[in-house]
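Reading through the structure tokens given below for one structure.
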Amino acid sequence: MADIFALASQNLLSPVVLFFVLGLAAALAKSDLAIPEQVAKTIALYLMFAIGFKGGAGMASHGLDAKLVGALLSGLILSAAIPFVAFGYLKTLSKLPRVDVAAVAAHYGSISIVTFVAATEALKTLEISSEGYMVAVAAAMEAPAILVGLYLAKSAVDKNAGGEVPLREILLNGSIVMLIGAFAIGWITGTEGLQKVESFIVSPFQGVLCLFLLDMGIIAGRGLRQGGKLLTPPVVFFALTMPVIGALIAAPFGWVTGLSAGGVALLCTLAASASYIAVPAAMRVALPEARPSIYLTLSLGVTFPFNLTIGIPLYNMIGTWIAG
Amino acid sequence: MKTFSKKRLEIFVEEPILRRLTDALVDANVTGFTIVPALGGHGSAGPWHRENALSAAGHMVMLVCILDESLVEKVLEAAYRIVSRQIGIVTISDVEVVRPELF
Amino acid sequence: MKTFSKKRLEIFVEEPILRRLTDALVDANVTGFTIVPALGGHGSAGPWHRENALSAAGHMVMLVCILDESLVEKVLEAAYRIVSRQIGIVTISDVEVVRPELF
Amino acid sequence: MKTFSKKRLEIFVEEPILRRLTDALVDANVTGFTIVPALGGHGSAGPWHRENALSAAGHMVMLVCILDESLVEKVLEAAYRIVSRQIGIVTISDVEVVRPELF
Amino acid sequence: MADIFALASQNLLSPVVLFFVLGLAAALAKSDLAIPEQVAKTIALYLMFAIGFKGGAGMASHGLDAKLVGALLSGLILSAAIPFVAFGYLKTLSKLPRVDVAAVAAHYGSISIVTFVAATEALKTLEISSEGYMVAVAAAMEAPAILVGLYLAKSAVDKNAGGEVPLREILLNGSIVMLIGAFAIGWITGTEGLQKVESFIVSPFQGVLCLFLLDMGIIAGRGLRQGGKLLTPPVVFFALTMPVIGALIAAPFGWVTGLSAGGVALLCTLAASASYIAVPAAMRVALPEARPSIYLTLSLGVTFPFNLTIGIPLYNMIGTWIAG
Amino acid sequence: MADIFALASQNLLSPVVLFFVLGLAAALAKSDLAIPEQVAKTIALYLMFAIGFKGGAGMASHGLDAKLVGALLSGLILSAAIPFVAFGYLKTLSKLPRVDVAAVAAHYGSISIVTFVAATEALKTLEISSEGYMVAVAAAMEAPAILVGLYLAKSAVDKNAGGEVPLREILLNGSIVMLIGAFAIGWITGTEGLQKVESFIVSPFQGVLCLFLLDMGIIAGRGLRQGGKLLTPPVVFFALTMPVIGALIAAPFGWVTGLSAGGVALLCTLAASASYIAVPAAMRVALPEARPSIYLTLSLGVTFPFNLTIGIPLYNMIGTWIAG
């Protein structure tokens, strides 16, 4: 227990987390501080570029691991299974309409790549290594949850109303393509390639991440200011416990697959994290009746800060405990 | 200078739906349209601002289409079909144009 | 397709004043509005362009609000009160809408 | 609140031509205008999107000018002269304003 | 005297100043060269991030200085006092309406953070160190001048006209929050934190500053092209001498507070500099009758270039002379 | 021959080229991956900044070369002459209207600065040095071709229709001003100046270039998707062979001027490359009857990828062969 607190407080006092807190505080105090939209989008792409490339270059130097297939499969199963758990859990806890519960479930089955990036950085600080292909697992986990979420919502929605599933948009959304593409390029060009782009994607990475988390804090804070009234205690309780449940479901998969301590920690982080970029956009097309104010406030306003501060150190502990 | 009566269709719609709407307009044989990004706004779901979201969900755009009266009925129906479940505000107004052959 | 007559309010206003204007519109019970950023323009004080200023001072935005005729009087007064000392251009025009219940 | 009838000129034009158009409007003694960037659109040459070009060629903007009826003829002619060889859509509509002295 | 010229010419030939000149020339020649708006805003935030963080980390390593309170007080007094001086001076020199004079006075009492950044870089080149908390002093000096400016304008403006003072907007504007926030985070995380973000905020700093000053040059040049006709000789004389007056008023404060040579130079720079971001926006809300073409042309078109080229070396001399 | 293939395949597997391919593939697969417009513009300016500055600093350390004048003259002649060749060639190959052929000719006489940048990087990898002033040659080659193109189109266009030549806009467009300005500043501040901005413009350069080429790939891909139907075999044949013809015309000029192997390679690259930024904008003003879908698809969709992958290694070979 003491360890978690030590880890958590070390994590809490890192610049990255403090910038998130700064953004949150600025938004709650109604400051007009903001990262311009196009820059925020670019930073998001930069983060995909960097972790994708580094993951791929890691693959190139450590060789193709037979566990890759197991890890990918684990990711796909987790992404499809967690929405069912989340759906049942939130249905029990709250009286939200079925369609909102289904949409929330889809978000928790899918992943937050920034949470993944923050976890990677935390591992680096602790000098725990992890499998490079975990970024591919992250990519694989984005889509299945969306389909399950839509399936869960089906009976609640008028079937004649249209609302086609934007599958191509989900699978080929910009972040995923960048992540997978950079991963592939990192893999192909290997250490030599990495050297060429190192002073762009490695050295300034933490600083850029600070800027991005500042923005995340601002957006989360503004979301809380507007959506805060929807946050009844049971719903907040869901958003604080669901990530831990997700991580605990993921841990055995990591163990069976034989991932390293870092790999297990990252798999738990992915399972614990909730989407706030790709899934909301997909929901607006396919499930417009679900309210963004609910799913975005939960995933970005509650679960993301929880994971960033307490969750990540916890999942690192789980990883070390299982495979350390 | 001689001018000619046409219609101006203005639609506020969410970005994730936009492609479906523009496909429908093209299918309905409008000669063209122009899309302008919105910065923010306010509606029944409260205020929104482009900077307050990482996701395209909730981002509105404004689409303007100058068209001939004869197309209005068909275009309105196509637009309505798409935005009926979604956020979407469709308005029509009268305008005069200089080059009628463009519409 | 049946359409219904509504009003379209279009206001050009400086960004630093925008929040006061939108607060006033919300107070006046409009159902919503959308804000579009301007890139530049020209007025009695000469030309301006978004890239030519680090400060929000002088940046204009265009606000569009579709509303019912019955609200026009109240909204015009509220808007006028805010932009009277400031730069601000307020126009009203007629539009037809498809879903009257939204306004 | 008393309102006054004016005209609303709306022009969709390509960015590389914009400066010529605004010079012409200033020469024609309009009191001002505002320019709004377009994000994309569709026309006889197919679709375009701001992100799909490094060059300003093909980028459209929307220019809105509130003006007095008496200027319309002159302004339309000036605008037409500039956009006749180019892409450009010019429309005129009726609006009511609150401060007639501004136009 | 020879020293000033040596310093000034060395300063004049630095990339940062030359990029400003490039921007100025490009704008005057009507080139369409421009840094896109959102990027310019981001670079401004980056500069706050960098100097705030470095200042805070400096505090962490040098310990809390008792002089901090004195420096902050000096800043507050200078920011409130200088507008009175500027108001009387410009009223004497020109026949501008009272409301314009009051608005200009507010700009000169407040500060330009980019001028401050350029001064910091000049000190670094000269290997003169300064107090990290000077960034906090900079933040403190932004607001008081605005209130004094509005007070000075009062009798000229119809009181019934509305025009509430946007105090929250002034105090919580994005730049200030970023500056103070980064300062606090730098302070909390100290040298260790700085190491993590160093290759983002330290090494590329000068290059980014070049880009920003290019943009400042472009904006100043375009402003001069449009507002140039308002620049009567007395008004230009004001904009060239007021910064020196401000610096001379500030110098004794620096001396009494016991600041280092670098600290005195920076305090003089702050007093000498005039705002062109926060104050203009506040003036549009509270004092719309004042003409931006006057206050912006003076502060950005005349005083900023003066400080950048001649002022900063001069204030460094003053600092060295008083506390060297 | 084997050498070209070795060079080409080494070039093809560089991160820069692979990111271009990624962008192309993403666009063809209809992914929404995109670099936001303002960021793309800034990166373009950054590239001008970097290569201009490095070129100027190179001049400062190697001294003013008498060959500079010869190189500039060569550039001007090539830019004016190549459109005649391209015009005659494309007229023979295709049945496109005269106005379109003239517009295309202008594009091939002018240059693509990103192709130039990519060639510079390829030379750096091969450790072949080149003359710093080649960036000035690049700048000189932008405009003449436009004037020749308009002259060639003249008889096809109604003279009364207006369409003034936007000469000032061509000569003072942002990229050119940035390139020449940074070159001058690099020259003035020399190695000392370069040191100050090195970690902004040198170390992260390759990484930024990857991002930019990703964007170029996306734009090229989308252009191909829309303009593809215009690409008849003769027209594609033109776009694939014209660059080689341009390079072969340029090579003797490089030889007569006495350029180094790297210099010849760069001159060939400039001659071979086709504009897609400055010339299209100029054509919209002066020659609106010419169809952008033709000239942009050819220069960006066919010739740029050709040069990036096969052309550059080939021109390097030519350079080494002539002056190695």
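Letters A, B, C, D, E and F mark the chains as written, and numbering starts fresh at 1 in each.
One rule holds in what follows: a contact is a pair of C-beta atoms (placed from the backbone, for glycine too) under 8 Å apart; a residue touches a chain by one contact, two chains touch by 3 or more.
Just so it is clear, the structure is predicted and the values come from calculations on it, not from any experiment.
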item	value
Partner chains shared by chain B and chain E (touch criterion as defined above)	A, C
Between chain A and chain B, the fewest steps along chains that touch one another	1
Farthest chain relative to chain A (centres taken as mean CA coordinates)	D
Maximum centroid distance from chain F, chain identifier (CA atoms)	C
Chain C-chain D separation of Cα centroids, rounded to whole Å	18
CA centroid of chain E to CA centroid of chain F, Å	41
Distance from chain F to chain D - Cα centre to Cα centre, in angstrom	34
Multi-chain contact sites of chain D, meaning residues that touch two or more partners	36-37, 47, 93-94
Sites on chain E at which at least two other chains make contact	34-39, 41, 169, 199, 203-204
Pairwise chain contacts, counting only pairs that touch as defined	A-B, A-E, A-F, B-C, B-D, C-D, C-E, D-F, E-F
In the complex, chain D residues that touch chain B	10, 12, 36-44, 47, 60, 62, 73, 76-77, 79-80, 89-94
Touching residues on chain A, where the partner in the complex is chain B	34-37, 40-41, 44, 161-163, 166, 169, 215-216, 218-219, 222-223, 226, 276-278, 280-285, 288-289, 291-293, 296
Of all residues in chain C, those that touch chain E in their complex	14, 16-17, 20, 45-47, 49-58, 81-82, 84-87
Chain E residues touching chain A - in the complex, by the definition given at the top	37-39, 41-42, 45-46, 49, 53, 168-169, 172-174, 177-178, 181-182, 184-185, 188-189, 193, 196-201, 203-204
Of all residues in chain E, those that touch chain F in their complex	13-15, 18-19, 22, 25-26, 29-39, 199, 203-208, 210-211
